[in-house]
Amino acid sequence: MIELYNVTKRYPGGQLGLSDVSLKIAKGQLVFLTGASGAGKSTFLKLIYCEEVPTEGNILVNGRNVSSLPRNKIPYLRRTIGVVFQNFRLIPRKTVFENVAYLPRILGLDRKNQKKLAYETLRQVGLAHRINAFPVQLSGGEQQRVAIARALINQPEILLADEPTGNLDPELSEEILRLLLDINLRGTTVIFATHDRDLITRVGHRVLTLREGSLADDRELPGSFYSQEADKTGPAPSEEAH
Amino acid sequence: MIELYNVTKRYPGGQLGLSDVSLKIAKGQLVFLTGASGAGKSTFLKLIYCEEVPTEGNILVNGRNVSSLPRNKIPYLRRTIGVVFQNFRLIPRKTVFENVAYLPRILGLDRKNQKKLAYETLRQVGLAHRINAFPVQLSGGEQQRVAIARALINQPEILLADEPTGNLDPELSEEILRLLLDINLRGTTVIFATHDRDLITRVGHRVLTLREGSLADDRELPGSFYSQEADKTGPAPSEEAH
Amino acid sequence: MTLVQALAYFTREALLNLVRGWKVSLLAILTITVSLFLTGVFLLVSNNLGAVIDGWRAESKVVIYLEPGAESQAIADLEETLRQAPGYERVALIDVVTARQRFEQAFPSMADLLEGWGEEPLPRSLELSLTTERLQDPNLGTWLESLRQNPVVMMVDDDRDWLDQLEAVVLVLRGLALMVGGILLATAMFTISSVIRLTAYLYRDEIAVMRLVGATEFFIRGPFYLEGLLQGLVGGSLAIGSLWTIFSVAKSQSTSLLTSILASEFLTWSSSLGLVALGGLAGLVGAVASLSRETLESPKAEEPPADWNEEDS
Amino acid sequence: MTLVQALAYFTREALLNLVRGWKVSLLAILTITVSLFLTGVFLLVSNNLGAVIDGWRAESKVVIYLEPGAESQAIADLEETLRQAPGYERVALIDVVTARQRFEQAFPSMADLLEGWGEEPLPRSLELSLTTERLQDPNLGTWLESLRQNPVVMMVDDDRDWLDQLEAVVLVLRGLALMVGGILLATAMFTISSVIRLTAYLYRDEIAVMRLVGATEFFIRGPFYLEGLLQGLVGGSLAIGSLWTIFSVAKSQSTSLLTSILASEFLTWSSSLGLVALGGLAGLVGAVASLSRETLESPKAEEPPADWNEEDS
């Protein structure tokens, strides 16, 4: 459950990131976040995982006010949130495996299970064969998929995906989308920031539209791809990405 | 004029970036480069602007073999090529203005004309109001547009755009596309790497498709958006991005 | 995660960081090495000079010249008094013949001079050796003065001038020592923390990402602290190693006054280990200092909220 | 772009870099300051100690004791000979009365001793002052030996022992000076280049981007070199400034032997400027050294191709 109450974010330079946004996102919901470049999508997500603090208003995640969370509690909040950052944010001195398995590792999972888990997650994004590469050795889309795998590995309660398919070809985008829908079906709240109108219209669900920081539109779209209800029987067929 | 003769690029780790590609791109042509994630698009472009050296084969740019260019000549090659990098590569300690006007500046343009030129170019990508911001203060799409402005500012002979609309909304993508087509009309050779099939099919022109490093397809597509010939009269109308 | 697991994790991470960022690590280690080597050279020289000076001190004697006609019994009594004195070490009677021999040895060309003088041209004397502590005792002067009251004593030559000069030299050397040593140590610490602070700058994006994916400060800092500690220990060991090598070569190759004074004894085991430990400490303190400033833009705690899901370690 | 334009560009860029990366710049500057301050302290102390030692040297005299019955004419001849001698500075005749006065002053309690001796208990002497160069001349000994052949000369006391001791002290001090000074300078250079190398690491992505958009090495390195130079100059000036402050305070506050020996004179203008220049040089060399290793993965030149469109500067 994510609740925003009159949230405004003004950056130190005076730029308006988000302006008086109030909304609720129920547990387990899948929400698309859209809007022009600079509309405030990333700001919205950053406020939820505490990378930025709101200038005004309150944000509640699972009932806890994250805008007044003491610094030493923030890590525990973040462990329950998987984030696919818009600029990937992989750790350059760590391999794909180490990047993806970072959180399980510091949570004390033993090495064998780390490997297994990382391999399984990387396989889902089609990157198992690059498990020992370093980020600089990957193409843009491959880096993006590592970022996705890292966000998914710990089965987070909430998944924030900031433009996760911007560097992917349509087939892979479809795969990733199906992955996120799948995770959503298993109970994870998903906020999916994207410019891809095509993708949004095909899937449907709730769509939030930001315009210059304000919530311009919040509507439920009927999707044609496969909907949360219709797909309880299993994944829909789709062409393979490679 | 860009010519590739049996070009193969194998990365130190053994990864195949490009495999035995031969082709010619005429001066003033507009070429789309497409292919799945990891197919070798970025590698193709990197070889042209000398970020990577081919393992085998030769690359000629305007008749000069860039694969055996001595190090001190590379800057002069690069000054004739504008590059929109997939990961933007803005200089963090420089403002948007300084990033965009970097090349004119070291070429000795006076400050007033630098400002004028930078402002004009940033206006074209809709970012004139952020001219004094630092890259970290920009949204993903804004950073991408700064990267585009930097590539365009010096009216390069060749423009290499690596996924330049990955972080932009459809309206902005259209704007950018029109900008690139415009520049192409003024004589610049443009290679546009993209996953956006929609965009490709609408524009048409020559489309190169890479698959696992090899040139899988090289065809001329009839475009419906506006073609090189049809648009000599002026830019087509389109909704504004903001 | 248990503490043991955490330590294993820190070790692995620290070693990986050292290896993957080997250029930067090497730089840090060499800087520590140079600083500690310098400190080591200083310690070595200072110790050896101290030993030389202590030797000089030990040689200094109080000479009590006796009246020409003094009787043996009175002299024996005086000797007994000296034996009872605090800080007594040795006393020796220099008779007329010995005194003359010494004079002739020291100034052979002036030997004729003695001929013209009486039958006891040079007085007999008692040479009194005192402990170093006693020689430095400010009350020594008063006691020597009291000796002068004894009728058999003609004069007391207490090496006061010589000691004063020595004192000045010692003071200068010790002063220099303190100053140079202090500054060296401060520089070493400063350099080490500069280097580690720069390393932290170098990896600040990495650290930011770790924070963003939910790592606690404990897990972020641990490997860096251990890395600093390891760099310091390696740097310290290299410093001691190279100091020992240079010391051995200097000692075996040269027989000049300079090396014999400056390099007669190497540092003690405890000093050597202390230096290595100092390196480790410097690395650790440098790491702690360089990471402590890194603040995360985080909401100010207004009220302590309920615990989040779990706590580690 | 003309050279003047390029220099203006470098200056602007370097200043911007210094300001925008002020934390790192401050670190680099402080490191240079500390290193050069240390070198300055060392120079100061070494110069002042040198002056003290030179003073001691200058005071040392050759004393020529004369035979009791020597005639005035013979003595005058000897004096004339001494005046002609190389390195001559001054000669003074100490007659019987003066000699006696001096002895009584130096050893008041032994004054009685002189009573028992003949009418000329202490010989007359000529005190010869020589230039410092002459005193250090290894041939001095032979010349002094030849003086002894003169019939009026009873004995020549050339302060050889005293000079030898002084020599040893000077040797030790100069040896220490060379060693500490050399190591200090090496450390300073090493530290500075470490810091600048780390800075280059810090900005290597930035440098890579500059290369990718067509900047020549000239334009990439220029600002960094200037930045290093400026850091060095500022560091050097801070070092001299703080040294002068401490020197002034120490001089005005204390009257102890130590400060009077160590801090009687400040560094000369040329030494001070030299130290600042050294800082600048160190910064520049550090910058050059740290950037020279940075190699770009570029195709090896097989044949020099035709010039590209244009060349700058």
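Lettered A, B, C and D in written order, each chain numbered from 1.
One rule holds for everything that comes next: contacts are C-beta pairs under 8 Å (C-beta built on N, C-alpha and C of every residue); 3 or more make two chains touch, one makes a residue touch a chain.
Given the structure is predicted, the values throughout are model-derived calculations rather than measurements.
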Minimal step count in the chain contact network, subunit A to subunit C: 1
Chain at maximum distance from subunit B, centres defined as averaged CA atoms: C
Inter-chain centre distance, subunit B versus subunit C - centres from mean C-alpha coordinates, in Å: 66
Distance from the mean Cα position of subunit B to that of subunit A, given in whole angstrom: 29
Geometric centre distance via CA averages, subunit D-subunit C, whole Å: 24
Chain contact topology (line, ring, star, complete or other): ring
Each pair of chains that touches, named by its two labels: A-B, A-C, B-D, C-D
Interface residues, subunit B side, partner subunit A - complex: 11, 13, 15, 34-38, 41-43, 86-87, 133, 137-142, 144-145, 162-163, 166-173, 195, 197-198, 241-242
Interfacial residue positions of subunit D with respect to subunit B in the complex: 1-2, 5, 9, 16-17, 20-21, 203, 206, 209-217, 219, 296-312
Residues of subunit A defined as touching subunit C within the complex: 49-53, 64-81, 83, 85, 89-93, 102-103, 105-108, 150
Of all residues in subunit D, those that touch subunit C in their complex: 23-24, 27, 30-31, 34-35, 37-38, 41-42, 45, 49, 65, 68, 107, 109-110, 112-113, 116-118, 121, 123, 148, 154-157, 168-169, 171-172, 175-176, 179-180, 183-184, 186-187, 190-191, 194-195, 197-199, 201-202, 257-258, 261-262
